[in-house]
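In what comes next, chain A is part of two complexes: it sits with chain B in the first one and with chain C in the second one.
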Partner chain A sequence: MNEILRTERLNKAFHLGETIYAVSDVSISIPAGKITAIVGPSGCGKSTLLSLLGGLDRPMSGDVLLEGQSYRRLSEDALALMRRRRLGYVFQFFNLIPHLSALENVMLPMSFVGTARAQAREKARELLSAVGLSKRLNHMPLQLSGGEQQRVAIARALANAPSLVLADEPTGNLDSKAREDVVELLTRFNVANSQTFVIVTHDDSVASVAHHVIRMADGRVVNQA
Partner chain B sequence: MLRLALANIRQRLMRTLITVFAMFLAAAVATSAMSLALGIARGGYNEYRAYYGGDILVFTPTFVGATATPTAHGAVHSAILYDSGFSLLRTIFPHFQTEGYLGLAQFPYVPISETQLQGLAAQAGVGAVRPKYIMPGAIDRWPVSIRVVAESLTEHLVEGRVPRPTSQDGELEVVVNAYGSPPARVGSSITLDVPVFRVGASGVPQADFSQAPRQYTARVVGIAAWPTREITFFRGPEEPPISEQGFVHSSEVYLDGQVWRTLWQEQSRGAPYPVLAVALSVTDLSQLNVTAGALRRAFPALSVMTVPEIARHVERFGLLDQFYRIPAEAWRPADGEVQQAHVPVELGLTGAILMFASAGMLLAGQMLAGLAERRKEIGILKALGARRRDIVGMVLTEGLLLSALGAVLGFVVVRGLAIHRELANQVSWLEVLRGTLEELLVVFGLTVVVALLFSAVPAAKMSQLPVMEVFRSE
Partner chain C sequence: MTQLLWRIFRHNWRVQAAVTCLFTVSIALLIVYGAYMERQVRLLQLSVVGGAPEDLIYVQTPYLQPEANPLRPHHGPGPVPVVYLGSWRLDIAHTNIGTLPVVVVGEDKGINLGLGEGEVALPAALSQEHGLSIGEELYFRTGTISRRLAVAEVHNEAVFGGRLVMHDFLHPEALVFLYRKQAGSWAEAIHYLRRSYPTAVFTHAGATRAAAKEIIDAVYAPTQGAVFGTLLFVAIAFLTVTVFSFLTKRRLLAITKTLGLRAFELAILIAGEAAMPPLLGSVLGSALGYAVLRGLIASGQELAIVPEAFSSAVLAVWPAVVLGIAIPSRFAQVATATQLLYERPIPLQTVTIKELSRRFPGLDKLVADGVKFVKLQVDSGHFNGIVFRRLGDFVKQGEVLAVEERWWGMQVVEYHSPATGEIVFFEPEIGMFGVQAALPVDTA
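After this line comes the complex of A and B, so read on.
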């Protein structure tokens, strides 16, 4: 198996009166070009694990290696640079910038890597067309439905053509139709671009399209298939 | 990030308006403090000031002559008429009116005493005191005139340097006019025929050519040329006229004031030099009228006139060559008095700086208050790959844009009014441009400093938000 991401005995705890391990001794391997679903009950540490995989948070111990590069010695700025070039993020609550249009939201990550404005605009148009929003380019997030917002968020995550896309409950806040659309989009991009998707989900329909499923409970990986 | 900063400015309209208005006020106060307090000085006033060599002229009103009147205005009227009418050189070449010029003194004056000179210098608000010498001379002798080195000599040097008070070998050092006669070159020696000076019974310095002049050897250290107006030659009905730069053709030498006073002492047998008029510079132009009033009260025996007053007088009676005239309306505000700002520049600028500081604090307050509502936005940006410095850059850009917007509006409105007034005062475009650039630098310098200073804390705070805490708090 050709892996893109690997963790080595990751641990992350929170101190809320007592010490609670959200992620405990997790060692996993994410295959390149596949969809991996991380499933498990609420509070089992899925989202915390995802944030560690994305370098948004630091583990107490252990390490994450993206394409062989360890996060451990990377500074905050180096992690940010890595995120902008090699990772895409899709959030449950879409997290679009409310005062930027759909097009501008998609262009935003490209501005971080210095893509020329005209080129970024063209790429953003293409991506929004690919997610079925060619007629919503200049709409503000509040003028879009939840499904449409999530599609904008997916387009934004793919803007810099990252090798790995991390999605945290991407269908968790959507109705069934929108959920189907999002799942269809994720699988389509996975096949078309051979991009790796790691999806944290409760949703069986999402898990059913995954090539690889990691099941968690109480901060630990209980099953990988 | 610039686009995001602009979007934020649009999004938070109330904050934008409040900050822009505060910066508008601060820039308007700063600009008006400089434009209004210095506007006249920078306008027509400067041109007259250069002509007269000061801000206030003090004359001795007591003199005997056909045009003499006992009033201050009369004295000035006569003095100007005398200077401009009888000394044609001075009318055409105003640079002679600095410290020394050729004066074929005809009207006997009572000189200003040394005590009065010292008193004028000690008066509050008075800066430099420049006695205006009338040098005895004769137009048919070499040198026609011995002048004291004027400030403008340096500008007109075509070769060499200005003379020193004393040379190392004790020889006199002089600058000669390039268009004088006989011709001289730098490094050569010339002989100066310095006449015997005497002070007439009524106090007028005179050259006594009935006695043999004393010969001084002087080394030429520089050559100067004094440009005049362009001269046009008409060559006949078929030929187009030719215009070329004119120069003063006069056999003059220039030497240091200290040396000249020594010559005066030697050739007048120790008589004190009679000072007949004094040009005073004031330390604060906005207090010009106040200073002049105080001088009038302190020296009732002297005529004290501000240069704007003289300018009006000159215009009214058409005393000077049209070339140097500035319309009287320029000096005449509605109440008939010379318009001067009565708020010192320093006070105005202090107020402006305080207003800038207040606007900056308002900006910082607005940004810090918006910190809570922007946590999510910052978190998203960081998740997408924004570094701390990107966030800092974005917040500083916002602060700068907001401040600059207000400052531009304030500057344009107030400076626009000032430019309108300056142009109405016949101020040259070059002067207007110079003043505008000068004020632009001060106002925008202050704006940038305030914007960066007061945006720095909100920027630092926003950049330090830990991304996951932002999302967890959702």
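After this line comes the complex of A and C, so read on.
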């Protein structure tokens, strides 16, 4: 299996009279070009693990390696540059910039890596067309439905063609129709671009399309399939 | 990148405009105030030494002496620091227009205004006040002279101040010896002269100006307190606005951090936004101050456009500006992006405290177990903000549990976790969090 991301005995813990591990001794391998779902009950440490995988939080011990590069020795700025170029994020609550249009939201990550404005605009148009929002380019986030906002967020996550996209409950705040659309989009991009998706979810419909499922409980990986 | 980011971080233009106006008005007022104070200093200085040229040094000896002390040899580089101009003594004259101070020039070195025997020079103000012009006579009596003197000159008070001037070459004893500084600094010139006049008092424009400033500062101390109060108000207002502005952007900062913006890039953006109002206010305030001064001068006020008043006014507000830029910039640098991963907006309702005790009987036990509580402010059953955490989440001490917007977003209230630990109680109806205190694990 060609892996893109690997964790080595990752730990994140708090002491509550006794030591409670939000993430405990997690060693996983994420295959490249596949969809991996991380599932488990609420409070089992899925989101904490995702923040560690994305370099948003630091583990207390252990390491994360993205395409062989260890996070441990990367400074905060280096982690930011890595997120900029190699990672995409999709959040449950979309987190679009409310002052920018859909098109500009998608252009934003490209502007961080120095893409020319015209080129970024063209690429953003393409991505928004691909997610079915070609007629909503200049709408502001508040003028879009939840499903449409999430599709903009997916387009934004894919803007710099990252090798890895991390999604935290991407369908958690959507109705069933929008949920199906998002799952279809993720699957389509995975196939079309061979991009790797790691999705934290409660949603069986998302887990069902995943090539690889990691089950967590009490901060531990209890099953990988 | 700059254009998009600038649009993100500069959305609250009304607040920015208000702060710019505050700076503009403050700086303009400070400029006018500075010009007024400068006028007061100058007037007081003039009343001490008249309109004396700036390079004159008055050496006043404690007793009359027949001639100037010889200057010591000058060994330093360059020319001799001072050149001797002449001497006089001070006296009081009883005249037909009143008792007046008089300068009696004891030698003719060109400073006696070309007066001849039986002639006197009047200061311009006195001449105007009494309508005395050249050729008219003045009855004049001092300790050594008693005669009628003809008004031969009206002097401009530049060297002798508001005193009558006459000469008495027969009795050349003098009390004041006049020198002109021709090289080096004031300190060097005074030091050089002090070797010849060890007990004399030295007066020159620089010294009198400093003394005048000291007196004016003392007289206007209450006003300066008001000015300081204004500056403090500007500082607090600016700092409040910049910090609140940062707080309202925490979510935007977190999003852009997640997208890969580096900490120092965020800091620059926040600093840039914070710096705009004071920069613009400095320019507009200087222009407004200039315009007001020109208007006052045109209306006959004895004010001058003094560059120092402009620079002082602008510099006076910059300590506040530096704080107002540095603090939110630093906050922006350390702002965390992880909160986005846990964000959960939860609508809240309110209940009374009595209902609380009745509905949550286990609360007393939690209190006994050392659980620390945070209460969100709910108003008419509504919490105007976002709750980031939920039951079962692990939180760090000081981490933001929820934010509430007040005053249409101008004020943002953050609710922080009182301890590191687990949220063991969360009741959305009343907006209460309970955090079981914990300590971070040492994972060496």
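Convention: the second predicted complex is superposed on the first by the 218 of 225 C-alpha atoms of A that agree within 3 Å, B and C clash if a C-alpha of one lies under 4 Å from a C-alpha of the other, contacts with A are read in each partner's own complex, and residues count from 1 in each chain.
Note that a residue touches a chain if its C-beta (ideal position, glycine included) is under 8 Å from a C-beta of that chain, and two chains touch if they have at least 3 such contacts.
Remember, it's a predicted structure, so these values are computed and weren't measured experimentally.
Peer 1: Have a look at chain B and chain C on chain A after the superposition and call it: clash or fit.
Peer 2: clash
Peer 1: Report for A:Glu8: first if it touches chain B alone, second if chain C alone, otherwise both or neither.
Peer 2: neither
Peer 1: Between chain B (first) and chain C (second), which does A:Ser61 come into contact with in this model arrangement: first, second, both, or neither?
Peer 2: second
Peer 1: Once chain A of both complexes is superposed, is A:Gly43 in touch with chain B (first), chain C (second), both, or neither?
Peer 2: Once the two structures are laid over each other on A, A:Gly43 reaches chain C alone.
Peer 1: Between chain B and chain C, whom does A:Glu76 touch in the aligned arrangement: first, second, both, or neither?
Peer 2: both
Peer 1: Using the superposition on chain A described above, determine whether A:Ala22 touches chain B (first), chain C (second), both, or neither.
Peer 2: Second partner only.
Peer 1: Using the superposition described at the top, determine whether chain B or chain C touches more residues of chain A.
Peer 2: Tallying touched residues of chain A, the top partner is C.
Peer 1: By the touch definition above, which chain A residues appear in both interfaces, chain B in one complex and chain C in the other?
Peer 2: Common to the two interfaces on chain A: residues 51, 54, 56-57, 76-77, 80-85, 87, 89, 91, 93, 95, 97, 99-100, 104, 108-109, 111-113, 156.
Peer 1: Where on chain B does chain A make contact in their complex?
Peer 2: 1, 3-4, 7-8, 10-11, 376-377, 379-390, 467-468, 471, 474
Peer 1: Flag every residue of chain C that touches chain A in the complex, lowest number first.
Peer 2: Per the touch definition, chain C meets chain A at residues 1, 4-5, 7-8, 11, 251-252, 254-264, 336-338, 340-345, 392-394, 420-422, 436, 438-441, 443.
Peer 1: Quick one: in the complex, what on chain A touches chain C?
Peer 2: Answer in residue numbers: 11, 13-17, 19-20, 22, 42-43, 47-48, 50-51, 54, 56-57, 60-61, 76-77, 80-85, 87, 89, 91-93, 95, 97, 99-100, 104, 107-109, 111-114, 156, 168.
Peer 1: In the complex, go through chain A and note every residue touching chain B.
Peer 2: It comes out as residues 51, 54, 56-57, 76-77, 80-85, 87, 89, 91, 93, 95-100, 104, 108-109, 111-113, 156.
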